[in-house]
(Lines give C-alpha, C1' and ligand atoms only; values in the text may rest on other atoms or scores of the structure.)
Protein backbone atom coordinates (compact mmCIF):
# COMPACT_ATOMS: atom_id res chain seq x y z
CA UNK A 1 0.00 0.00 0.00
CA UNK A 2 2.86 2.35 0.80
CA UNK A 3 3.75 4.83 -1.97
CA UNK A 4 7.43 5.08 -2.52
CA UNK A 5 8.73 8.56 -3.07
CA UNK A 6 9.45 7.66 -6.67
CA UNK A 7 6.18 6.01 -7.58
CA UNK A 8 4.48 9.29 -6.78
CA UNK A 9 6.62 11.04 -9.37
CA UNK A 10 6.66 8.62 -12.28
CA UNK A 11 5.63 10.24 -15.52
CA UNK A 12 1.97 10.66 -16.32
CA UNK A 13 0.52 7.37 -17.47
CA UNK A 14 -2.85 6.87 -19.08
CA UNK A 15 -3.80 4.03 -16.71
CA UNK A 16 -6.85 6.01 -15.63
CA UNK A 17 -8.35 5.75 -19.10
CA UNK A 18 -8.65 1.95 -19.21
CA UNK A 19 -9.90 2.00 -15.62
CA UNK A 20 -12.66 4.46 -16.48
CA UNK A 21 -13.43 2.51 -19.65
CA UNK A 22 -13.85 -0.63 -17.58
CA UNK A 23 -16.20 1.19 -15.22
CA UNK A 24 -18.32 2.30 -18.19
CA UNK A 25 -18.48 -1.30 -19.38
CA UNK A 26 -19.80 -2.35 -16.00
CA UNK A 27 -22.43 0.36 -16.43
CA UNK A 28 -23.36 -1.07 -19.85
CA UNK A 29 -23.85 -4.57 -18.45
CA UNK A 30 -26.00 -3.14 -15.70
CA UNK A 31 -28.14 -1.07 -18.10
CA UNK A 32 -28.64 -4.09 -20.39
CA UNK A 33 -29.84 -6.16 -17.44
CA UNK A 34 -32.23 -3.39 -16.41
CA UNK A 35 -33.86 -3.22 -19.85
CA UNK A 36 -34.18 -7.00 -19.94
CA UNK A 37 -35.50 -7.24 -16.38
CA UNK A 38 -38.49 -5.01 -17.15
CA UNK A 39 -39.84 -7.69 -19.49
CA UNK A 40 -40.15 -10.10 -16.59
CA UNK A 41 -42.97 -9.76 -14.11
CA UNK A 42 -43.00 -12.63 -11.65
CA UNK A 43 -41.59 -11.90 -8.19
CA UNK A 44 -39.10 -14.73 -8.66
CA UNK A 45 -37.77 -13.39 -11.96
CA UNK A 46 -37.65 -9.85 -10.63
CA UNK A 47 -35.67 -11.01 -7.65
CA UNK A 48 -33.20 -12.90 -9.82
CA UNK A 49 -32.56 -9.87 -11.99
CA UNK A 50 -32.13 -7.70 -8.92
CA UNK A 51 -29.54 -10.13 -7.54
CA UNK A 52 -27.57 -9.94 -10.77
CA UNK A 53 -27.81 -6.17 -10.94
CA UNK A 54 -26.74 -5.95 -7.30
CA UNK A 55 -23.66 -8.07 -8.05
CA UNK A 56 -22.81 -5.75 -10.93
CA UNK A 57 -23.34 -2.76 -8.65
CA UNK A 58 -20.78 -4.15 -6.22
CA UNK A 59 -18.36 -4.66 -9.05
CA UNK A 60 -18.89 -1.03 -10.06
CA UNK A 61 -18.26 0.01 -6.49
CA UNK A 62 -15.00 -1.91 -6.40
CA UNK A 63 -13.84 -0.51 -9.72
CA UNK A 64 -14.68 3.04 -8.57
CA UNK A 65 -12.63 2.52 -5.45
CA UNK A 66 -9.73 1.11 -7.43
CA UNK A 67 -9.78 4.39 -9.35
CA UNK A 68 -9.87 6.37 -6.11
CA UNK A 69 -6.98 4.29 -4.74
CA UNK A 70 -5.00 4.93 -7.90
CA UNK A 71 -5.72 8.66 -7.52
CA UNK A 72 -4.48 8.51 -3.94
CA UNK A 73 -1.24 6.87 -5.02
CA UNK A 74 -0.47 8.78 -8.19
CA UNK A 75 1.19 12.13 -8.13
CA UNK A 76 0.67 13.18 -11.71
CA UNK A 77 -2.71 12.59 -13.31
CA UNK A 78 -3.82 13.21 -16.90
CA UNK A 79 -6.49 15.70 -15.71
CA UNK A 80 -7.07 17.47 -12.45
CA UNK A 81 -7.51 14.93 -9.72
CA UNK A 82 -11.08 16.07 -8.94
CA UNK A 83 -12.13 15.67 -12.56
CA UNK A 84 -11.20 12.00 -12.55
CA UNK A 85 -12.76 11.60 -9.13
CA UNK A 86 -16.03 13.21 -10.24
CA UNK A 87 -16.14 11.25 -13.46
CA UNK A 88 -15.72 7.90 -11.70
CA UNK A 89 -18.09 8.69 -8.86
CA UNK A 90 -20.80 10.00 -11.18
CA UNK A 91 -20.61 6.96 -13.46
CA UNK A 92 -20.92 4.96 -10.26
CA UNK A 93 -24.02 7.01 -9.38
CA UNK A 94 -25.65 5.83 -12.62
CA UNK A 95 -24.87 2.22 -11.71
CA UNK A 96 -26.27 2.85 -8.23
CA UNK A 97 -29.43 4.35 -9.72
CA UNK A 98 -29.99 1.26 -11.86
CA UNK A 99 -29.50 -0.88 -8.77
CA UNK A 100 -31.96 1.21 -6.73
CA UNK A 101 -34.53 1.01 -9.53
CA UNK A 102 -34.24 -2.80 -9.66
CA UNK A 103 -34.35 -2.93 -5.87
CA UNK A 104 -37.59 -0.97 -5.75
CA UNK A 105 -39.13 -3.19 -8.42
CA UNK A 106 -38.26 -6.30 -6.45
CA UNK A 107 -39.30 -5.08 -3.02
CA UNK A 108 -42.47 -3.22 -4.14
CA UNK A 109 -43.43 -5.84 -6.72
CA UNK A 110 -45.83 -3.66 -8.76
CA UNK A 111 -47.97 -4.70 -11.71
CA UNK A 112 -46.12 -5.12 -15.04
CA UNK A 113 -43.96 -2.08 -15.75
CA UNK A 114 -45.58 0.43 -18.12
CA UNK A 115 -44.30 1.24 -21.59
CA UNK A 116 -43.05 4.55 -20.19
CA UNK A 117 -40.98 2.72 -17.59
CA UNK A 118 -39.52 0.52 -20.30
CA UNK A 119 -38.83 3.60 -22.40
CA UNK A 120 -36.89 5.16 -19.49
CA UNK A 121 -34.81 2.01 -19.13
CA UNK A 122 -33.96 2.11 -22.83
CA UNK A 123 -32.95 5.75 -22.53
CA UNK A 124 -30.67 4.80 -19.63
CA UNK A 125 -29.12 2.12 -21.84
CA UNK A 126 -28.54 4.67 -24.60
CA UNK A 127 -26.91 7.00 -22.11
CA UNK A 128 -24.68 4.15 -20.90
CA UNK A 129 -23.60 3.51 -24.49
CA UNK A 130 -22.67 7.16 -25.05
CA UNK A 131 -20.78 7.24 -21.76
CA UNK A 132 -18.81 4.16 -22.82
CA UNK A 133 -18.05 5.73 -26.20
CA UNK A 134 -16.97 8.90 -24.46
CA UNK A 135 -14.41 6.97 -22.42
CA UNK A 136 -12.66 6.00 -25.68
CA UNK A 137 -12.14 9.69 -26.42
CA UNK A 138 -10.44 10.62 -23.16
CA UNK A 139 -6.97 10.03 -24.51
CA UNK A 140 -7.41 12.04 -27.69
CA UNK A 141 -10.10 14.71 -27.22
CA UNK A 142 -7.60 17.48 -26.45
CA UNK A 143 -6.67 17.39 -30.11
CA UNK A 144 -9.95 16.15 -31.56
CA UNK A 145 -12.85 17.11 -29.32
CA UNK A 146 -15.61 16.71 -31.95
CA UNK A 147 -16.72 13.19 -31.04
CA UNK A 148 -16.70 13.81 -27.30
CA UNK A 149 -18.63 17.02 -27.78
CA UNK A 150 -21.25 15.14 -29.79
CA UNK A 151 -21.71 12.54 -27.05
CA UNK A 152 -22.29 15.30 -24.52
CA UNK A 153 -25.02 16.76 -26.71
CA UNK A 154 -26.59 13.30 -27.00
CA UNK A 155 -26.56 12.80 -23.24
CA UNK A 156 -28.25 16.15 -22.81
CA UNK A 157 -30.91 15.37 -25.44
CA UNK A 158 -31.68 11.95 -24.01
CA UNK A 159 -32.17 13.46 -20.56
CA UNK A 160 -34.68 15.93 -21.99
CA UNK A 161 -36.57 13.07 -23.63
CA UNK A 162 -36.55 11.17 -20.34
CA UNK A 163 -37.96 14.22 -18.58
CA UNK A 164 -40.85 14.40 -21.02
CA UNK A 165 -41.60 10.67 -20.79
CA UNK A 166 -41.56 10.88 -17.00
CA UNK A 167 -43.72 13.98 -16.70
CA UNK A 168 -46.39 12.83 -19.13
CA UNK A 169 -46.61 9.44 -17.47
CA UNK A 170 -46.75 10.59 -13.87
CA UNK A 171 -49.35 13.23 -14.73
CA UNK A 172 -51.56 10.51 -16.19
CA UNK A 173 -50.82 8.19 -13.29
CA UNK A 174 -52.12 10.74 -10.79
CA UNK A 175 -55.21 11.36 -12.91
CA UNK A 176 -56.08 7.72 -13.46
CA UNK A 177 -54.66 5.38 -10.83
CA UNK A 178 -57.12 5.02 -7.98
CA UNK A 179 -55.25 2.27 -6.09
CA UNK A 180 -53.15 4.31 -3.73
CA UNK A 181 -50.58 1.64 -2.88
CA UNK A 182 -50.06 0.75 -6.55
CA UNK A 183 -49.65 4.47 -7.27
CA UNK A 184 -46.92 4.77 -4.62
CA UNK A 185 -45.07 1.77 -6.03
CA UNK A 186 -45.10 3.03 -9.59
CA UNK A 187 -44.37 6.66 -8.73
CA UNK A 188 -41.32 5.69 -6.67
CA UNK A 189 -39.96 3.35 -9.33
CA UNK A 190 -40.43 5.94 -12.07
CA UNK A 191 -38.77 8.59 -9.86
CA UNK A 192 -35.72 6.37 -9.40
CA UNK A 193 -35.47 5.67 -13.13
CA UNK A 194 -35.73 9.36 -13.89
CA UNK A 195 -33.09 10.19 -11.28
CA UNK A 196 -30.81 7.68 -13.00
CA UNK A 197 -31.13 9.50 -16.32
CA UNK A 198 -30.19 12.69 -14.46
CA UNK A 199 -27.03 11.08 -13.12
CA UNK A 200 -26.09 10.05 -16.66
CA UNK A 201 -26.55 13.63 -17.81
CA UNK A 202 -24.27 14.79 -15.00
CA UNK A 203 -21.57 12.59 -16.52
CA UNK A 204 -22.12 14.55 -19.74
CA UNK A 205 -21.70 17.83 -17.87
CA UNK A 206 -18.40 16.70 -16.38
CA UNK A 207 -17.18 15.67 -19.83
CA UNK A 208 -18.27 18.99 -21.29
CA UNK A 209 -16.30 20.75 -18.57
CA UNK A 210 -13.22 18.68 -19.48
CA UNK A 211 -13.50 19.91 -23.07
CA UNK A 212 -13.64 23.52 -21.89
CA UNK A 213 -10.63 23.04 -19.64
CA UNK A 214 -8.36 20.97 -21.81
CA UNK A 215 -9.33 21.06 -25.51
CA UNK B 1 -11.83 27.32 -26.32
CA UNK B 2 -8.10 26.93 -26.00
CA UNK B 3 -6.51 28.88 -23.14
CA UNK B 4 -3.47 30.74 -24.18
CA UNK B 5 -0.62 30.53 -21.77
CA UNK B 6 -1.04 34.20 -20.97
CA UNK B 7 -4.79 34.27 -20.47
CA UNK B 8 -4.30 31.81 -17.61
CA UNK B 9 -1.94 34.25 -15.89
CA UNK B 10 -3.68 37.58 -16.35
CA UNK B 11 -4.12 39.40 -13.08
CA UNK B 12 -7.07 38.56 -10.88
CA UNK B 13 -10.20 40.11 -12.27
CA UNK B 14 -13.53 40.38 -10.52
CA UNK B 15 -15.45 38.94 -13.49
CA UNK B 16 -16.77 36.17 -11.26
CA UNK B 17 -18.68 38.70 -9.15
CA UNK B 18 -20.98 39.97 -11.91
CA UNK B 19 -21.45 36.39 -13.12
CA UNK B 20 -22.57 35.24 -9.66
CA UNK B 21 -24.73 38.34 -9.31
CA UNK B 22 -26.45 37.49 -12.58
CA UNK B 23 -27.06 33.93 -11.35
CA UNK B 24 -28.67 35.32 -8.19
CA UNK B 25 -30.91 37.52 -10.34
CA UNK B 26 -32.07 34.46 -12.24
CA UNK B 27 -32.87 32.92 -8.86
CA UNK B 28 -34.91 36.01 -7.92
CA UNK B 29 -36.99 35.80 -11.10
CA UNK B 30 -37.59 32.14 -10.46
CA UNK B 31 -38.63 32.69 -6.82
CA UNK B 32 -41.01 35.50 -7.84
CA UNK B 33 -42.66 33.22 -10.37
CA UNK B 34 -43.02 30.48 -7.76
CA UNK B 35 -44.80 32.77 -5.30
CA UNK B 36 -47.10 34.02 -8.03
CA UNK B 37 -47.81 30.55 -9.40
CA UNK B 38 -49.19 29.32 -6.08
CA UNK B 39 -52.10 31.73 -6.45
CA UNK B 40 -53.21 29.95 -9.61
CA UNK B 41 -55.00 26.64 -9.40
CA UNK B 42 -56.19 25.50 -12.80
CA UNK B 43 -54.09 22.79 -14.49
CA UNK B 44 -53.61 25.10 -17.46
CA UNK B 45 -52.29 27.99 -15.38
CA UNK B 46 -50.10 25.69 -13.33
CA UNK B 47 -48.62 24.25 -16.48
CA UNK B 48 -47.91 27.70 -17.91
CA UNK B 49 -46.09 28.78 -14.77
CA UNK B 50 -44.13 25.57 -14.77
CA UNK B 51 -43.04 26.16 -18.37
CA UNK B 52 -41.80 29.63 -17.47
CA UNK B 53 -40.01 28.40 -14.36
CA UNK B 54 -38.44 25.59 -16.41
CA UNK B 55 -37.13 28.12 -18.95
CA UNK B 56 -35.60 30.12 -16.11
CA UNK B 57 -34.11 26.95 -14.69
CA UNK B 58 -32.35 26.28 -17.98
CA UNK B 59 -31.05 29.83 -17.99
CA UNK B 60 -29.70 29.24 -14.48
CA UNK B 61 -28.07 26.05 -15.67
CA UNK B 62 -26.38 27.86 -18.54
CA UNK B 63 -25.16 30.66 -16.30
CA UNK B 64 -23.80 28.16 -13.79
CA UNK B 65 -21.90 26.41 -16.55
CA UNK B 66 -20.54 29.70 -17.85
CA UNK B 67 -19.13 30.21 -14.37
CA UNK B 68 -17.63 26.70 -14.37
CA UNK B 69 -16.14 27.33 -17.83
CA UNK B 70 -14.63 30.57 -16.60
CA UNK B 71 -13.19 28.72 -13.61
CA UNK B 72 -11.68 26.14 -15.97
CA UNK B 73 -10.05 28.85 -18.06
CA UNK B 74 -8.88 31.23 -15.34
CA UNK B 75 -5.69 30.65 -13.46
CA UNK B 76 -6.11 33.21 -10.71
CA UNK B 77 -9.47 33.49 -9.01
CA UNK B 78 -10.60 35.95 -6.33
CA UNK B 79 -11.30 33.08 -3.88
CA UNK B 80 -10.35 29.45 -3.87
CA UNK B 81 -11.66 27.80 -6.99
CA UNK B 82 -13.89 25.39 -5.02
CA UNK B 83 -15.53 28.24 -3.13
CA UNK B 84 -16.72 29.84 -6.36
CA UNK B 85 -17.72 26.44 -7.68
CA UNK B 86 -19.72 25.60 -4.55
CA UNK B 87 -21.36 29.01 -4.47
CA UNK B 88 -22.54 28.79 -8.08
CA UNK B 89 -23.67 25.20 -7.88
CA UNK B 90 -25.55 25.72 -4.62
CA UNK B 91 -27.37 28.80 -5.94
CA UNK B 92 -28.22 26.60 -8.92
CA UNK B 93 -29.56 23.98 -6.49
CA UNK B 94 -32.03 26.56 -5.17
CA UNK B 95 -33.19 27.30 -8.71
CA UNK B 96 -33.48 23.56 -9.35
CA UNK B 97 -35.52 23.15 -6.18
CA UNK B 98 -37.97 25.83 -7.29
CA UNK B 99 -38.25 24.08 -10.65
CA UNK B 100 -38.86 20.69 -9.01
CA UNK B 101 -41.53 22.20 -6.77
CA UNK B 102 -43.35 23.72 -9.75
CA UNK B 103 -42.95 20.46 -11.67
CA UNK B 104 -44.56 18.47 -8.88
CA UNK B 105 -47.43 20.94 -8.67
CA UNK B 106 -48.08 20.65 -12.37
CA UNK B 107 -47.78 16.88 -12.67
CA UNK B 108 -49.57 16.01 -9.43
CA UNK B 109 -52.18 18.77 -9.77
CA UNK B 110 -53.29 18.87 -6.13
CA UNK B 111 -56.09 20.95 -4.62
CA UNK B 112 -55.27 24.66 -4.08
CA UNK B 113 -51.96 25.04 -2.27
CA UNK B 114 -52.32 25.60 1.47
CA UNK B 115 -51.35 28.79 3.28
CA UNK B 116 -48.33 26.92 4.64
CA UNK B 117 -47.19 26.10 1.12
CA UNK B 118 -47.57 29.73 0.14
CA UNK B 119 -45.67 30.73 3.25
CA UNK B 120 -42.78 28.45 2.24
CA UNK B 121 -42.69 30.01 -1.22
CA UNK B 122 -42.50 33.48 0.32
CA UNK B 123 -39.66 32.33 2.58
CA UNK B 124 -37.81 31.04 -0.50
CA UNK B 125 -38.31 34.45 -2.13
CA UNK B 126 -36.89 36.16 0.94
CA UNK B 127 -33.89 33.84 0.85
CA UNK B 128 -33.39 34.62 -2.84
CA UNK B 129 -33.38 38.33 -2.02
CA UNK B 130 -30.73 37.92 0.68
CA UNK B 131 -28.63 35.78 -1.63
CA UNK B 132 -28.79 38.49 -4.31
CA UNK B 133 -27.85 41.15 -1.75
CA UNK B 134 -24.97 38.97 -0.59
CA UNK B 135 -23.57 38.83 -4.14
CA UNK B 136 -23.14 42.63 -3.99
CA UNK B 137 -20.84 42.21 -1.01
CA UNK B 138 -18.41 39.73 -2.57
CA UNK B 139 -16.06 42.40 -3.78
CA UNK B 140 -15.84 44.28 -0.50
CA UNK B 141 -16.56 41.95 2.41
CA UNK B 142 -12.91 41.29 3.18
CA UNK B 143 -12.73 44.82 4.51
CA UNK B 144 -16.34 45.24 5.60
CA UNK B 145 -17.89 41.90 6.43
CA UNK B 146 -20.79 43.25 8.52
CA UNK B 147 -23.47 43.25 5.83
CA UNK B 148 -22.55 39.82 4.47
CA UNK B 149 -22.50 38.41 7.97
CA UNK B 150 -25.98 39.80 8.59
CA UNK B 151 -27.36 38.16 5.42
CA UNK B 152 -25.97 34.81 6.55
CA UNK B 153 -27.80 35.18 9.86
CA UNK B 154 -31.00 36.01 7.98
CA UNK B 155 -30.66 32.95 5.75
CA UNK B 156 -30.20 30.80 8.82
CA UNK B 157 -33.23 32.31 10.58
CA UNK B 158 -35.49 31.95 7.56
CA UNK B 159 -34.57 28.30 7.25
CA UNK B 160 -35.54 27.75 10.87
CA UNK B 161 -38.89 29.42 10.24
CA UNK B 162 -39.40 27.23 7.17
CA UNK B 163 -38.67 24.14 9.25
CA UNK B 164 -41.34 25.10 11.75
CA UNK B 165 -43.92 25.88 9.07
CA UNK B 166 -43.21 22.57 7.37
CA UNK B 167 -43.30 20.44 10.49
CA UNK B 168 -46.50 21.92 11.86
CA UNK B 169 -48.25 21.58 8.55
CA UNK B 170 -47.19 18.01 7.73
CA UNK B 171 -48.07 16.88 11.24
CA UNK B 172 -51.58 18.22 10.78
CA UNK B 173 -51.79 16.81 7.26
CA UNK B 174 -51.12 13.29 8.54
CA UNK B 175 -53.67 13.73 11.31
CA UNK B 176 -56.44 15.14 9.13
CA UNK B 177 -56.10 14.21 5.47
CA UNK B 178 -57.90 10.95 4.81
CA UNK B 179 -57.54 10.99 1.01
CA UNK B 180 -54.34 9.04 0.56
CA UNK B 181 -53.52 10.20 -2.96
CA UNK B 182 -54.12 13.86 -2.07
CA UNK B 183 -51.89 13.35 0.98
CA UNK B 184 -49.08 12.01 -1.19
CA UNK B 185 -49.35 14.95 -3.59
CA UNK B 186 -49.24 17.55 -0.87
CA UNK B 187 -46.56 15.85 1.20
CA UNK B 188 -44.23 15.56 -1.79
CA UNK B 189 -44.75 19.17 -2.85
CA UNK B 190 -44.17 20.46 0.68
CA UNK B 191 -41.04 18.29 0.97
CA UNK B 192 -39.63 19.80 -2.21
CA UNK B 193 -40.36 23.34 -1.03
CA UNK B 194 -38.71 22.63 2.29
CA UNK B 195 -35.67 21.10 0.58
CA UNK B 196 -35.39 24.29 -1.45
CA UNK B 197 -35.18 26.42 1.70
CA UNK B 198 -32.40 24.07 2.88
CA UNK B 199 -30.44 24.66 -0.31
CA UNK B 200 -30.76 28.41 0.24
CA UNK B 201 -29.40 28.00 3.74
CA UNK B 202 -26.45 26.05 2.35
CA UNK B 203 -25.62 29.14 0.28
CA UNK B 204 -25.52 31.01 3.58
CA UNK B 205 -23.13 28.44 5.03
CA UNK B 206 -20.76 28.80 2.08
CA UNK B 207 -20.84 32.59 2.48
CA UNK B 208 -20.18 32.29 6.19
CA UNK B 209 -17.18 30.10 5.41
CA UNK B 210 -15.88 32.76 3.00
CA UNK B 211 -15.99 35.31 5.82
CA UNK B 212 -13.99 33.01 8.08
CA UNK B 213 -11.41 32.39 5.39
CA UNK B 214 -10.98 35.82 3.92
CA UNK B 215 -12.29 38.57 6.20
CA UNK C 1 -11.25 36.25 12.39
CA UNK C 2 -8.30 37.53 10.40
CA UNK C 3 -5.52 34.99 9.84
CA UNK C 4 -2.15 36.42 10.49
CA UNK C 5 0.47 35.51 7.97
CA UNK C 6 2.22 33.43 10.56
CA UNK C 7 -0.74 31.52 11.90
CA UNK C 8 -1.23 30.12 8.42
CA UNK C 9 2.28 28.70 8.47
CA UNK C 10 2.59 27.29 11.98
CA UNK C 11 3.71 23.69 12.01
CA UNK C 12 1.16 20.96 11.52
CA UNK C 13 -0.81 20.41 14.67
CA UNK C 14 -3.12 17.52 15.39
CA UNK C 15 -5.95 19.81 16.54
CA UNK C 16 -8.20 18.31 13.86
CA UNK C 17 -8.11 14.93 15.56
CA UNK C 18 -9.76 16.00 18.84
CA UNK C 19 -12.25 18.07 16.84
CA UNK C 20 -13.26 15.08 14.75
CA UNK C 21 -13.35 12.90 17.84
CA UNK C 22 -15.71 15.35 19.48
CA UNK C 23 -17.95 15.28 16.41
CA UNK C 24 -18.07 11.48 16.59
CA UNK C 25 -19.07 11.73 20.24
CA UNK C 26 -21.95 13.98 19.30
CA UNK C 27 -22.94 11.30 16.79
CA UNK C 28 -22.83 8.66 19.55
CA UNK C 29 -25.14 10.68 21.79
CA UNK C 30 -27.52 11.15 18.91
CA UNK C 31 -27.52 7.45 17.98
CA UNK C 32 -28.15 6.46 21.61
CA UNK C 33 -31.12 8.80 21.77
CA UNK C 34 -32.50 7.36 18.54
CA UNK C 35 -32.36 3.78 19.83
CA UNK C 36 -34.02 4.84 23.08
CA UNK C 37 -36.67 6.94 21.36
CA UNK C 38 -37.98 3.99 19.36
CA UNK C 39 -39.16 2.38 22.60
CA UNK C 40 -41.53 5.30 23.22
CA UNK C 41 -44.75 5.57 21.29
CA UNK C 42 -46.86 8.43 22.56
CA UNK C 43 -46.83 11.61 20.46
CA UNK C 44 -45.64 13.54 23.48
CA UNK C 45 -42.67 11.26 24.14
CA UNK C 46 -41.78 11.12 20.47
CA UNK C 47 -41.80 14.88 20.31
CA UNK C 48 -39.58 15.18 23.36
CA UNK C 49 -37.01 12.81 21.92
CA UNK C 50 -37.09 14.66 18.62
CA UNK C 51 -36.43 17.95 20.39
CA UNK C 52 -33.40 16.46 22.13
CA UNK C 53 -32.11 14.89 18.92
CA UNK C 54 -32.62 18.22 17.12
CA UNK C 55 -30.57 20.01 19.76
CA UNK C 56 -27.79 17.46 19.30
CA UNK C 57 -28.05 17.89 15.53
CA UNK C 58 -27.44 21.62 15.92
CA UNK C 59 -24.46 20.89 18.12
CA UNK C 60 -23.14 18.59 15.39
CA UNK C 61 -23.68 21.32 12.85
CA UNK C 62 -21.74 23.80 14.95
CA UNK C 63 -18.87 21.38 15.53
CA UNK C 64 -18.71 20.60 11.79
CA UNK C 65 -18.49 24.29 11.02
CA UNK C 66 -15.80 24.80 13.63
CA UNK C 67 -13.82 22.16 11.75
CA UNK C 68 -14.47 23.93 8.45
CA UNK C 69 -13.42 27.23 10.01
CA UNK C 70 -10.23 25.64 11.28
CA UNK C 71 -9.59 24.27 7.80
CA UNK C 72 -10.07 27.75 6.36
CA UNK C 73 -7.57 29.22 8.79
CA UNK C 74 -4.91 26.52 8.82
CA UNK C 75 -2.29 26.32 6.15
CA UNK C 76 -0.86 22.91 6.92
CA UNK C 77 -3.24 20.07 7.70
CA UNK C 78 -2.46 16.49 8.75
CA UNK C 79 -4.21 15.12 5.63
CA UNK C 80 -5.36 16.71 2.44
CA UNK C 81 -7.80 19.45 3.21
CA UNK C 82 -10.66 17.74 1.32
CA UNK C 83 -10.19 14.53 3.28
CA UNK C 84 -10.81 16.31 6.57
CA UNK C 85 -13.67 18.24 5.01
CA UNK C 86 -15.32 15.07 3.67
CA UNK C 87 -14.82 13.21 6.91
CA UNK C 88 -16.46 15.95 8.99
CA UNK C 89 -19.30 16.59 6.58
CA UNK C 90 -20.10 12.89 6.18
CA UNK C 91 -20.15 12.29 9.94
CA UNK C 92 -22.47 15.28 10.05
CA UNK C 93 -24.64 13.59 7.39
CA UNK C 94 -25.09 10.63 9.75
CA UNK C 95 -26.19 12.99 12.53
CA UNK C 96 -28.55 14.70 10.07
CA UNK C 97 -29.98 11.34 9.05
CA UNK C 98 -30.73 10.46 12.66
CA UNK C 99 -32.41 13.84 13.07
CA UNK C 100 -34.50 13.38 9.91
CA UNK C 101 -35.56 9.92 11.07
CA UNK C 102 -36.70 11.28 14.44
CA UNK C 103 -38.41 14.19 12.70
CA UNK C 104 -40.41 11.86 10.47
CA UNK C 105 -41.42 9.75 13.45
CA UNK C 106 -42.68 12.79 15.30
CA UNK C 107 -44.50 14.45 12.42
CA UNK C 108 -45.96 11.26 10.90
CA UNK C 109 -46.70 9.64 14.26
CA UNK C 110 -47.01 6.06 13.02
CA UNK C 111 -47.98 2.98 15.03
CA UNK C 112 -45.25 1.56 17.29
CA UNK C 113 -42.01 1.13 15.34
CA UNK C 114 -41.44 -2.42 14.10
CA UNK C 115 -38.65 -4.69 15.28
CA UNK C 116 -36.94 -4.09 11.94
CA UNK C 117 -36.97 -0.34 12.55
CA UNK C 118 -35.49 -0.90 15.99
CA UNK C 119 -32.89 -3.20 14.45
CA UNK C 120 -31.88 -0.45 12.00
CA UNK C 121 -31.49 2.03 14.84
CA UNK C 122 -29.23 -0.41 16.69
CA UNK C 123 -27.15 -0.89 13.55
CA UNK C 124 -26.79 2.89 13.30
CA UNK C 125 -25.62 2.94 16.91
CA UNK C 126 -23.03 0.24 16.16
CA UNK C 127 -21.82 2.25 13.18
CA UNK C 128 -21.54 5.34 15.38
CA UNK C 129 -19.42 3.37 17.83
CA UNK C 130 -17.03 2.19 15.11
CA UNK C 131 -16.78 5.71 13.73
CA UNK C 132 -15.88 7.01 17.18
CA UNK C 133 -13.26 4.27 17.59
CA UNK C 134 -11.88 5.11 14.16
CA UNK C 135 -11.33 8.72 15.22
CA UNK C 136 -8.91 7.45 17.90
CA UNK C 137 -6.77 5.89 15.16
CA UNK C 138 -6.34 9.01 13.02
CA UNK C 139 -3.13 10.03 14.72
CA UNK C 140 -1.43 6.64 14.48
CA UNK C 141 -2.85 4.65 11.57
CA UNK C 142 -0.07 5.61 9.18
CA UNK C 143 2.18 3.32 11.15
CA UNK C 144 -0.41 0.88 12.44
CA UNK C 145 -3.39 0.73 10.10
CA UNK C 146 -4.74 -2.64 11.31
CA UNK C 147 -7.36 -1.33 13.74
CA UNK C 148 -8.65 1.37 11.38
CA UNK C 149 -8.85 -1.15 8.56
CA UNK C 150 -10.90 -3.45 10.77
CA UNK C 151 -13.40 -0.68 11.61
CA UNK C 152 -13.88 0.00 7.91
CA UNK C 153 -14.70 -3.66 7.33
CA UNK C 154 -17.19 -3.53 10.20
CA UNK C 155 -18.88 -0.43 8.80
CA UNK C 156 -19.21 -2.17 5.46
CA UNK C 157 -20.63 -5.35 7.02
CA UNK C 158 -23.15 -3.48 9.14
CA UNK C 159 -24.40 -1.62 6.08
CA UNK C 160 -24.97 -4.91 4.29
CA UNK C 161 -26.93 -6.20 7.28
CA UNK C 162 -29.00 -3.01 7.29
CA UNK C 163 -29.74 -3.46 3.60
CA UNK C 164 -31.07 -6.95 4.21
CA UNK C 165 -33.19 -5.88 7.19
CA UNK C 166 -34.63 -3.01 5.17
CA UNK C 167 -35.38 -5.01 2.03
CA UNK C 168 -37.03 -7.92 3.81
CA UNK C 169 -39.16 -5.59 5.89
CA UNK C 170 -40.33 -3.28 3.11
CA UNK C 171 -41.15 -6.25 0.88
CA UNK C 172 -43.40 -7.63 3.60
CA UNK C 173 -44.85 -4.19 4.29
CA UNK C 174 -46.01 -3.83 0.69
CA UNK C 175 -47.48 -7.33 0.74
CA UNK C 176 -49.33 -6.97 4.00
CA UNK C 177 -50.10 -3.37 4.92
CA UNK C 178 -53.45 -2.37 3.49
CA UNK C 179 -53.70 1.01 5.21
CA UNK C 180 -52.17 3.27 2.62
CA UNK C 181 -51.38 6.21 4.89
CA UNK C 182 -49.78 3.97 7.51
CA UNK C 183 -47.75 2.36 4.73
CA UNK C 184 -46.45 5.76 3.59
CA UNK C 185 -45.47 6.71 7.13
CA UNK C 186 -43.56 3.51 7.77
CA UNK C 187 -41.93 3.30 4.35
CA UNK C 188 -40.62 6.86 4.63
CA UNK C 189 -39.27 6.35 8.14
CA UNK C 190 -37.56 3.10 7.17
CA UNK C 191 -36.09 4.78 4.09
CA UNK C 192 -34.59 7.52 6.21
CA UNK C 193 -33.12 5.03 8.68
CA UNK C 194 -31.62 3.03 5.84
CA UNK C 195 -30.18 6.17 4.23
CA UNK C 196 -28.53 6.94 7.57
CA UNK C 197 -26.76 3.58 7.59
CA UNK C 198 -25.53 4.41 4.06
CA UNK C 199 -24.06 7.69 5.26
CA UNK C 200 -22.23 5.82 8.02
CA UNK C 201 -20.78 3.46 5.44
CA UNK C 202 -19.61 6.43 3.39
CA UNK C 203 -17.57 7.47 6.44
CA UNK C 204 -15.97 4.03 6.25
CA UNK C 205 -15.15 4.55 2.57
CA UNK C 206 -13.45 7.86 3.32
CA UNK C 207 -11.41 6.22 6.06
CA UNK C 208 -10.46 3.37 3.77
CA UNK C 209 -9.29 5.91 1.22
CA UNK C 210 -7.13 7.57 3.91
CA UNK C 211 -5.42 4.24 4.55
CA UNK C 212 -4.66 3.83 0.85
CA UNK C 213 -3.27 7.33 0.61
CA UNK C 214 -1.28 7.59 3.80
CA UNK C 215 -0.53 4.21 5.38
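What to note about this one:
Every chain is named by a letter (A, B and C) in the order it is written, and numbering of its residues begins at 1.
Here is the rule we go by: a contact is a pair of C-beta atoms (placed from the backbone, for glycine too) under 8 Å apart; a residue touches a chain by one contact, two chains touch by 3 or more.
Please read these numbers as outputs of a predicted model, since none were measured by experiment.
Although chain A and chain C carry the same sequence, what matters here is overlap: shared residue numbers make up under half of all numbers found at their interface.
Annotation, chain A versus chain B: rotation angle of 120 degrees from the Cα superposition, expressed as a multiple of 5. The centroid of the Cα atoms in chain A and the matching centroid in chain C are 26 Å apart. Across the assembly, chain A contributes residues 180, 184 that each touch 2 or more other chains. The part of chain A that touches chain B in the complex is made up of residues 145, 167, 170-171, 174-175, 177-178, 180, 183-184, 187, 205, 208-209, 211-213, 215.
The touching residues of chain B, when paired with chain A in their complex, are 1-2, 65, 68-69, 72-73, 103, 106-109, 180-181, 184-185.
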